[in-house]
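Both complexes below contain chain A, partnered by chain B and then by chain C.
What follows is the complex of A and B.
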């Protein structure tokens, strides 16, 4: 095994992994915002559907979600009368976005609900509109409460991107498998160790970024607001 | 297109894998809770060197995706086991270790890191004033733990332990990578036989969601029952 050739080869697949991660991150964030709004406001029928979606995203393994996206999307596309243009990478993006959106909505909703009721009342009595209330009063506090949970969800998203290999996207894991097979499967343990280091570094960077924002947002808060006991969800998510 | 005729047959075949999955999940749950409690106890009591080791363990197992841990265990455990046994003088071919044992060990290792966090949180939620009161009444440490601390800590940990049970169920789905047949692997096998992939996976999704619903219901009921008593 030659580390000096293996690592550049692994890094050559990193852009795809990162693209999938960032797509899932941004689309998932939007999905989570929509889902949280609908769940908090309790719109009759739609809320039940959103609840079902969130429990799908949370109680079904990510591998299975990826496979459902991979086999289900082409069906959906054909149903709407298009040619089947879904590639493995696109299916991976859609599957992971759906997963991340559902997971994140369970981070956002408790964060929103943890903001004191009195803050809403105060904003309402001062004549703030819903949008103003969200952006100026409730939002910043909810962000502070939710940031640790958000950091966890990003780390698990990075972990789960390692699974897209199974539906045929050529990410870092898939490249590692190619390298291993080229070496006649002699150095499997060592290659996985290198992968473990790469993923740990990615998670470390993500964690540092979130940590930076956590410290920055803490500045805007009053002493009482920071004393709210917050329970961060530290669960693995597979 | 979506074929509804195969759904019943698929359901029957995939349901066959549910008992095995649940048994493995329960085993992992018990082992990881024991190890996690040990870790949490070390951190709670601030045992000097062990505490740093536990923190290092947690950082390592949280940063690495579970698939990679499973593969590392798959390729690393048998040689390591054989080497250790040969040191003691036992001649045993560790490469014959069944894959499900390796899967159980790997997932236990991962989940233990999270269990310890949950139990530590529950321990921290314990009101220390009660410990002082118990001490002033002449309780010994073991009595304090058994009669005052344990009942409250368990109730406080139930919701989180339920979530970790679900996480274990989901983590087992990665067993297909090392040829352990549980719900997800069984759905793949079923699909590979009749070529109706989406149908089999939809059935698996339904099974997972139903199991999640049942587990949550059971946990809610137990929590409510225990809370009334305490």
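What follows is the complex of A and C.
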């Protein structure tokens, strides 16, 4: 084997890594939105459960959360009377969605709470409904405040996707190990190097996308944010 | 047109409003004065239910509400007929000056963009901000922010406008431009409630002065009655300390 076969082999596992990432990103986002709403509105009992969930997602090591999902989900499925159809990939998606959702809600909640009370007062006094206030005034300002934290949470998520190999999902990391074992551990350094490049690129792309939105939401909210050119900022912080 | 009866409100164990009665006639310009922390801001906020009294009633023309059984429809009806100008301006930070003025018209009152735009231009002209209309709040001075807040309040064509210490967050050199606008607004005949520490200004523009002290209305009368013949030692003491301060 040489590099010219190893790289394509690694890349063949990239789609799965991306699917897991995007699933966790979108499901996690919805979970975070729900969790944040329930925590901000302090619905008795439910809010306590949500607090518990968030502290689970934030304090239990992600590897452990993946094992919990991998061994717990089949039990849950059987409990509801189904055949066990849970694959490692599904468990990975569920585990990472739960992790990301909990983590992200701790980005969203402070962002929401950081919007000044006075902005709520002004909107309420003018007769805005809760929805109108959220969509037009508080939401956009909270997004501006929360975007940098959101960027970090996405980067952590991408890193943590590498852990799904522990429960046997065939992502790029797992594939790299398969290749190395099969080829008697030649080219270990090169393989890990290619992996490192893949992960750097994924993070860089994610970061650039978020930076783009940051700039869009920043135009008016803070003067200094717009003056940092995208290119220099990109190199400074990845 | 507006009558508040026996308003009581406490934050935690602190009783802030202790049975406030206040009635305002159409066209009145009422200034509310009083020591810091006596609940002047809180009282204004009770009117549009930004603060929630434990008890008391409000009558606003046909709208009647008992605060113990506050209902959404009545609150909304009152909010649609009042507008508030805040001490901290509370201009929407994610919108330009003109968007701030237009947005409530489009979103809440469901006016067309064209109509809202026309009204906004007119009100911005009135507060002297036509040339700043495309600016964002982060690019404006305090005085300009407050004039944006006033334009936004005027644009909804409220029956009553509530000013909460509109100049007390401003640098001294910016107070004048805002007071000028408020004077213009109040003299146009719109019913106004103004919480202020600007005693001379209150005396000039109001037809009634309400002195609040320790959570109740302690004196209520014409500017001459209140300023020239104060009815209680506490009012006299308050006035002399305020005038000494200015």
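Everything that follows uses one rule, which is that the second predicted complex is superposed on the first by the 218 of 238 C-alpha atoms of A that agree within 3 Å, B and C clash if a C-alpha of one lies under 4 Å from a C-alpha of the other, contacts with A are read in each partner's own complex, and residues count from 1 in each chain.
Here, contacts are C-beta pairs under 8 Å (C-beta built on N, C-alpha and C of every residue); 3 or more make two chains touch, one makes a residue touch a chain.
Just so you know, these numbers come straight off a predicted model, no measurement behind them.
After alignment on the shared chain A, the placement of chain B and chain C results in a side-by-side fit free of clashes.
Of the two partner chains placed by superposition, only chain C is touched by A:118; chain B is not. Chain A has more of its residues touched by B than by the other of chain B and chain C. In the superposition on chain A, A:127 makes contact with chain C only, while chain B stays out of contact range. In the superposition on chain A, contact is made by A:140 with chain C only, not with chain B. Of the two partner chains placed by the overlay, only chain B lies in contact with A:163; chain C stays clear of it.
By the touch criterion stated above, A:33 is placed in contact with neither chain B nor chain C. In the superposition on chain A, A:14 makes contact with neither chain B nor chain C. Look at A:90: by the touch rule set out above, it reaches neither chain B nor chain C.
Legend: residue contacts after superposition of the two complexes on their common chain; A:75 is shown touching chain B, with no touch to chain C.
Once both complexes are placed on a shared chain A, the shortest Cα to Cα gap between chain B and chain C comes to 22 Å. By the touch rule above, chain B contacts chain A in their complex via residues 1-2, 60, 62-69, 71-72, 75-76, 110-111, 114, 117-118, 121, 160, 163-164, 166-167, 170-171, 173-174, 176-177, 184, 187-188, 197-198, 201-202, 204-205, 208-209, 211-213.
The touching residues of chain C, when paired with chain A in their complex, are 45, 48-50, 76, 79-80, 82-84, 86, 88-96, 103-104, 107-108, 136-139, 149, 152, 156. The touching residues of chain A, when paired with chain C in their complex, are 116, 118-119, 121-128, 132, 136-137, 140-141, 144, 219-223. Across the complex, chain A meets chain B through its residues 55-56, 58-64, 67-68, 71-72, 75, 155, 158-160, 162-163, 166, 173, 188-189, 192-193, 195-196, 199-200, 203-204, 231, 233-238.
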